[in-house]
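The next part holds the structures, each set out as structure tokens.
Shared between the two complexes below is chain A, which has chain B as its partner in the first and chain C in the second.
Entry: the complex of A and B
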């Protein structure tokens, strides 16, 4: 009798599978998964390997001394990295706009007038329109009293408050005017300048101030000034209330940043401008064939982005930066909220951006060192680096019920999307593509403007729900879920993520539908695009129709919607595609570790 | 008193009038109506429960001196939304605002931990 452990070190998890061979028959005893310690392929991995081994062995009542062989995978020599760069920006050099969503503005409509502070009401000229600003030093009662006490000839058209008291003031005013509140930096509003104010009806957003001609109408702008006001209008779209202030030398402009170009060093050696968009970049990449390296125009955003990736990779792999070769890239169009410099209520503007995942082919990782260290620390005499990751994954994936040769596997991890194909004759073709889970997390984070990366990671993983009462949730599918016990009031009205029975609250105030849409788009842009790219490379004749079975393995195959998206997409090519179920019990995990144990059988025979 | 006004019901018992008015301001700013009705002495959690029961909107507050309890119809008496000894204007405003936000299905406001304007304190 012999006991064998298969160990798979991945970018994010380390997986172990234990098998026992008796009279030429193999039985699987246990498996375990632990987060990988350190960068894949370094000695720091030993820690997680030992922990996972211990967990698996303990669960079947064994110890390290009961093992005869440990087999490590020859990890794929690719490391991925991601970066994001905005290619447009809006600059307002003099404070000239406020656009935000206070929860309770008051009054409805728009107005224009000269800005006047509440303490200077005595300076107001008769029959001249004013918009009054009031700091939180005044109570709502004082403000209402002062305004109500004005003679009829003084025309107050609108009001801007620092405190959250718009409704309180409005209820006490004799004349109804639009009132905007919660403007934190009210002291920075320049007095004496002409301003336009708008408050939308509940449930609607501003119409005049989100329209360049609307701003022109209210502030009396000429054609050139209207052109300059366009970025302001753009950034006010969707806001509940807004103020636009005309500063004569105010300088608002939309800068097009020098995004630069990217050069593919392949067959054709094409250079593509980044601002032509992700699709043009990916099409050019597709025409190149084998890529030797990818470089960006020096002194531009893309140039520094690729250099940064190169430097990171050189640190990780201990290869001089000049020798690091970027062999694949995935570009994705996206939008990123960028704070507008000079705005008064912390406004942001959605700027065009491009997200890039790049992949670096490294030297062979120092797996022998890991094997040596493991031998010393576990006392198991036979520790072997056995077999290429993709081959082992394919062998493991074949244990999924319902598969047959030729079978292709799609391994979607954190850093890269890998595909391999075993043909009828047992020949193996494989490819590695840049871009996977990490890029999706980055896209979700930037598009939703989330403070924490971890929130984006959780949004990627768990379905959404809205806590509509203390006793029920509305799930993103539209279903309702009811509870006997009342929920935590801190969850009330919030969007939450459902991690089994646990609810994770999202602090940012973003509608559930918007989060779901961004999440699904991000997954499509990365996983569907990359799955097709990778499968095309390994498919016979580069045609997806020549594939028959595709098994999804790896971390992202456990996702609650990615496998569905791929099954749908690939059914158009009459390909059977689905989440793997290793040994009929493990789901999409443990394919490589299982393959390592199975291949040991082959060697013994 | 029998009424059908859709309002947050506030039952008071020797209320601190300043706290009461700031709670009412919190409700008003959210655009919801309220009714203040004096109530005889009793257990404050029970009074709050009664207030929520009697409010058409199902949202009730009990105020005894500076202690305010906010609850909703159907919640167990021992687990109200908030039960606080109110010391500052923002605290009172938030209790009022939350009683209204419960009805509007808006996320509840939470107290800022620092940076409160001390001049607003009642003490």
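Entry: the complex of A and C
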């Protein structure tokens, strides 16, 4: 009788599986999972391995001395890193427009007139339309009193306020006009210029000022001026309220920022500018075939990002940075909310950005050292580095009920997406692709403009709900859930994440639907794209239709929606794809550790 | 409240504090003040009339509220009720840091109005505890959201189904409140009524504010509690501001 432990050191978790061989028959005794200590492939991992081993052994009444063999995985020598580059910026010149979403503007409709400060009301000419600006030095009572006291011949068509008091002023005015508020830098609005103002109905956005001809109508523009006003109209799409001011050189400009370029060292050796966007980068990458290395333009953001990855990897693997090779890259188009320079009301604009995940392949990780240390510390004489991770994962995945050869596995972790295929003849093909969970987290964080990375990480993991009263919440699916006891008052009105019974509050004021949409988009952009990319590489004849069973393993396979997305996507190719269930009990976890134990059987036979 | 009395008592309490080295709870402080006043009737109070200082405090005239209409229960879902303390705008006219009660109400109401909700003011006479006050206001509010405000300026936003000592938002450090803060309290209460996401109001926090204002706060609270009138638990206070 022999007892074997399989140990899988992953980027985030260390998994252990214990098996017992008796008369050529293998039984699985126990398994355990612990968070990995230190960077994968370093001596620091030993702590987590020992803890996981101990936990597993204890659960079946054994000790370290009862083990005959410990088998470690040959960890995939792959490290991923991510970065984000904004490639556009928007600038408003000469305070030519205000377009924001104050929570409570007042009045509805549009108007045009000459800009006039409240202090200069006495200068108003009769029968000439004006739009009045009022600083927060005036209270809402004073503003209303001044405007109500004007003779009927003075025409005030609209009002722009600095304070958040639009409704208060409107409730006290005799005549109803569109009122826009919360314009922080009201002093910079040029007096005497012609302007158009618009406030949309609740739940709608401006229609006149987001239309170039609408601006032309209100401000009396000629054809050439209308052409120039088009960027302004574009930037006002989706805003609740807006002002457009006619100034000689005022406009909204979109600059393309120099973000550097990447060079692929493959068959064609192309260089691609980052600002051409993700699609151009990925197409160029696809044409290269086998990639030897990827370099960034020195002195640019992309250049320093790729250098940083190189340095990190060289530290882990003790290979000089000059010999570290970046072998894959995933670029994803995204949008990032950035404050517009020259804005009067703190407006932000969704600027174009490119998110990049890169992957480095090096020499073997120093696994032998870990094996040596483990031998010393556990007293188990036979500690072996046995087999490549992807192979072991495939063998482990085969224990999922309902699979048959040829079986492909898809291991989606934090830094990379790995695929492997065992063919009918038992031959193994494998690939590693840059981009996985980390990139999704970064995309969520960027697009929602979140301050904390951790919030993005949690949004990725848990489904959403909106606390609509202290006794009920509306789930992402539209379902209602009621409670007998009141919820924590601090959750009231907030969007929360449901981690089992625990609720995590999101402090940012973003609608639940928007968060869900961004989250799903990010997962699709990374996981679906990468799964297809990786599976195509290992599929016979590079055709997904030649695959029959795909088993999802690893951390991301436990996600509440990614397996569904992939099942949907791959069913179009008549491929059976689903979350693995290792040994019929473990779910998508423990595939590698199980594979290590199983492969020991093979060696003994 | 007579500033001289406050100074006298504060000094006595601080001496006591320096000697024993421990902070006193609110209740204990009320006892201590009453005792100090009993033992050493300050000349100011002595001049004022009764020899016994405790009596001087207790003999305060209680306002008769029997002619005021009792507060009704609102039915308008846009309504947010503000419940003011028993001494509000009557025996006490400014908050602990000197903001006139008219300004406090004006800002609370403006905040509610700006968010498109409708304010209503009642006076709560059955309790002087801010949380219970807020809860009473919430129970009479058409939206189920109420604001409780003591005469010294401590405020709370409450919801009708919550336990009294729980709340939606509490603003315990009255000496640090400004008119802008009261505006935001009104806005937040209205947002709760609308079921919108509410951003917590940024308030200053000063750990020294409690010892510094403890005596004044206690005296104001005593003064407010004197005006309790259980026979008229809550009355309409709409046209007072």
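To be clear about the criterion, the second predicted complex is superposed on the first by the 428 of 605 C-alpha atoms of A that agree within 3 Å, B and C clash if a C-alpha of one lies under 4 Å from a C-alpha of the other, contacts with A are read in each partner's own complex, and residues count from 1 in each chain.
Please note the rule applied: a residue touches a chain if its C-beta (ideal position, glycine included) is under 8 Å from a C-beta of that chain, and two chains touch if they have at least 3 such contacts.
Bear in mind the structure is a predicted one, so any value in this text is a computation, not a measurement.
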Q | Touched partner set for A:267, first chain B, second chain C, both or neither | A | neither
Q: Name the contact category of A:168: first (chain B only), second (chain C only), both, or neither.
A: both
(Q) Applying the document's definition of touch, where does A:468 land relative to chain B and chain C: first, second, both, or neither? (A) both
Q. Can you pull the chain A residues that chain B and chain C both touch?
A. 103-104, 140, 164-168, 171, 468-471, 486, 489, 492-494, 509
(Q) Quick check on the complex: what are the chain A residues that touch chain C? (A) 103-104, 140, 164-168, 171, 468-471, 486, 489, 492-495, 509
Q: Please name which positions on chain A make contact with chain B in the complex.
A: 103-104, 136, 140, 164-168, 171, 468-471, 486, 489-490, 492-494, 509
(Q) Can you tell me which positions in chain B touch chain A when the two form their complex? (A) 25, 28-31, 72, 74-76, 79, 81-82, 101-102, 105-108, 110, 117
Q: Would you pull the chain C residues touching chain A in the complex into a rising list?
A: 110, 113-116, 159, 161-163, 166-169, 187, 191-192, 195-199
